[in-house]
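The following pair of complexes shares a single chain, chain A, combined with chain B in the former and chain C in the latter.
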Partner chain A sequence: MSEVLFFLAAIAAIIGAVGVVTLRNAFYAVLALVCHLVSLAALFLLLRAEFVAAAQVVVYAGAVMVLYVFVVAYVGGGEEVAAGNGLRFLGPLFALALAIELCIALLGSALSGINSQGAHYVLGFGTPAHIGRLFLTDYLFAFELASLLLLVAAVGAIVLARRRRGLEDENPALAALIAQPRPAYTGTMAEGAGVRQVLQALEETHGGVIELGAQPPKLAVGAERSGDEAQEQLP
Partner chain B sequence: MIGLANIDYFEPWWMQIAKALVIFGVIFGVLPILTVYERKLLGRFQHRYGPNRVGPFGLMQPLAEIVKFALKEPFRPRTSMGFLFRLAPAISIMTAVGGLALIPWGNVQDIFGTRTGLYGIDVSVGPLYVFALGGISFYGIVLGGWASGSKYSFLGAMRAAAQLISYEVSQGLALVGVLISAQTLSLTGIVNAQRGMWYFIPQIVGFLIFMVASFAETNRAPFDLVEADGELGGGYFTEYGGTGFVAYLFAEYVNMLVVSGMAATLFLGGWLLPFGIHPPGWVDPFVVLAKMMIFMTLFIWIRATLPRLRYDQLMSFGWKILLPLATVNLLVTAIVVVH
Partner chain C sequence: MTLGWYLAVSAVIFCIGVGGVLVRRNPLVILLCLELMLNAGNLALVTFARMHGGEAGQIFALIVMVVAACEVTVGLGLIVAISRGNLPVDVDKLHELNG
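Now for the complex of A and B:
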């Protein structure tokens, strides 16, 4: 039974991995990667590492790949980027180097671990308690280092994605675009719901919001009406 | 013996199969009744009768609905991706049913002379198993919305992606308080650790966070803007009719049942009764079922009471209120347990 499961999961993992690199459609490639990761989780289960299997599914299939799917579904595959001449030759070269390296590692060490008995198994191996104890004793340094790395990554993401101010100072065309009065109810949700402060702020900065299809200077109505009335005027 | 993880099966193989069949049968017997229950209760909340035409008190309504859905013409939009369009509801219902295996209905009992645990499986990773299934069930929703090839479905699916990721974190953190208190991940172990006091009392903050996040995870009102009939015409299942729609509908109800079961197990003491009452073993599953029904009623009550949140409110509530609250709850619990 476990042999059948192993070959099912292994074949699915290989098909998924091949699919990631061969499929042209980016969305399908991401789905193939999900299939690969879930199959890996099944292999972890067969190795009696249930915590690693659950973490694999929760973190990779459930969180990381969700973001991939999100981005690819929104942005779409787009145009295929043709590889430059350098990449066209370097790519297979790197792949070959990686394959040779893996072969050396496999043939050199891992094969000796394969025999009819398999690895030594102790009761409680792979349970959360076992893993937690190892994290806080033998591998404490690596564990803390990894959490520090994650913290740096989180701070870095926030710094990179922060709202940048002062763009319009250098770019007069952009500044003119921002300064243009917008049609009413096309901006923020607060404006759409008729929040008075927002309407007043629009009034001060842009000379009022304008109704769609109306003359801009005549009907700067946003600030005069209260929020609820402005909402009722929506078509 | 299957070498699949450390699940601790001690029953013979026929008992495992019987357990799976009984759990599946009971839940899928309860499901149609739940749909009628929800519609009748909603009707009462809104000063109407609800379904009352088919059978006594309208109880046969689900039979009529099932026949209606099964006989509908199977159709799909020309822009849909055939394979994924059919696969997506199947993913949803399978992951939902998988979660049922984890709910503990009772302690280990003697049935026909064999020791039997009244639960599908008792895994050492406990709630993580449910989170893993939840992570996969997300693909049922997103693939359904994407493969439909319609803007409404797509918007619903994208909302689902953002919403699930935001609230899963808070839900997980709220659970960790219970796990620290019980010092085990096994769900039967957590129930047995509540013999002195249900975690509902010391972990009241965690309980509230868990319930709010569960409403968001199951896409129920007031967090149902994934479906948002008014804006999206149903969201990710807009283009589904007939059996595909039924699969999504049942997946939602099974998810609600699983979440109710988890809440009853983690916070309301599972099959335990208060005031030191120790009924015979066969009562335990009914106690769990009764506690689940309390939560199901809460789900329906809140659906009838609260209006839908706006998308930006949903996001800021999840990240700016729930997540810090869950973190503080976890820290306080950890400090209390250690000292």
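Now for the complex of A and C:
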């Protein structure tokens, strides 16, 4: 039974991997990777790694792939032109050479466990209880480091993918808008909303764009006064 | 099934990933092929954990999953930034990294 399951899962995993590499449309490549990940989770289950299999399905096939699908939908992921350089022929050759080398290493390895069914099965091996206990005792440092890494990656992704066009162009109207007196500890959302939306909103509320150095509108005068009060309250 | 079969599957998946990184030019697909390679490594790690009867390999595989998620986040952020800057989403045409 486990042999049948192994071959089914392994063939599905390899077909999924080949699909990721060969499919021209990036969206179908992502779907092939989902198939690959799910069949890999079945292989993990056969190796008695229950928690890793569950994390694979939930985190990888769930969360990460949704992120991929969103980015493919955003970028477009259209058909790419076939590579015309020499790497197109050298790449598969190199991969084949690496596969042969790995197979030689595998066949020539002196690992005694490689021809066995694995170590004696202990009850509870690979369950969430065991993994959780190990994470909070023996591998606590790695666990904390992983959380820090996730935080850094989240902040880095926001910094990388943020809208940059807001403040960079030399727009006198936007500069006047940002230089307007306003209460202390408040700011504009001009960078986040984009120049066009802010200018459109100004058009609707004040009937035009404020010129640099011109008298600020009524709202801003009140804001200036309250800003002065706020500054006076500072020690 | 002896454990050598699992290692063979892992080696095959890793080589498919290497070939994909070398052949494809869309950075999104290159990230997908990196995922393939990391998953092949995960399969080998879990196999070795089964071979030795300890759970250290599974812990290692989970940490690799975290690192892969971080790599995906930053990589997709870069791709979104590239497409926002109206640059071609093609690694052969992106020679310059001067923002």
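The rule is short, and it goes like this: the second predicted complex is superposed on the first by the 124 of 235 C-alpha atoms of A that agree within 3 Å, B and C clash if a C-alpha of one lies under 4 Å from a C-alpha of the other, contacts with A are read in each partner's own complex, and residues count from 1 in each chain.
Keep this in mind: contacts are C-beta pairs under 8 Å (C-beta built on N, C-alpha and C of every residue); 3 or more make two chains touch, one makes a residue touch a chain.
In this text the structure is predicted, and so the values were computed from the model without any measurement.
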| item | value |
| --- | --- |
| Contacts of A:P128 with chain B and chain C, given as first, second, both or neither | first |
| Chain B versus chain C as contact partner of A:A73, first or second or both or neither | first |
| Touched partner set for A:M1, first chain B, second chain C, both or neither | first |
| A:A61 touches, of chain B and chain C: first, second, both or neither? | first |
| Partner chain(s) touched by A:R48 [first = chain B, second = chain C, both, neither] | both |
| When both partners are placed on the shared chain, which of chain B and chain C touches more of chain A | C |
| First (chain B), second (chain C), both or neither touched by A:I14 | second |
| First (chain B), second (chain C), both or neither touched by A:A173 | neither |
| Chain B/chain C common contact set on chain A | 2, 46, 48, 51, 55, 63, 67, 74, 125-126 |
| Chain A - residues contacting chain B, complex | 1-2, 5, 27, 31, 34, 38, 41, 45-46, 48, 50-51, 53-55, 57-58, 61-63, 66-67, 69-70, 73-74, 124-128, 189 |
| Chain C residues within the chain A interface of the complex | 1-9, 11-20, 22-26, 28-29, 31-33, 35-36, 39, 42-43, 46-47, 49-53, 55-56, 58-59, 61-63, 65-74, 76-81, 83-84, 89-90, 92 |
| Partner chain A, residues of chain B touching it in the complex | 2-6, 84, 123-125, 128-129, 131-132, 134-136, 138-139, 142-143, 146, 154, 157-158, 161-162, 164-165, 168, 185, 310-312 |
| Chain A residues touching chain C - in the complex, by the definition given at the top | 2-3, 6, 10, 13-14, 17-18, 20-21, 26, 29-30, 33, 36-37, 40, 43-44, 46-49, 51-52, 55-56, 59-60, 63-64, 67-68, 71-72, 74-77, 80-81, 83, 85, 87-88, 90-92, 94-96, 98-99, 102-103, 106, 111, 113-120, 122, 125-126, 130-131, 134-135, 139, 142, 146, 149-150, 152-154, 156-161, 163-164 |
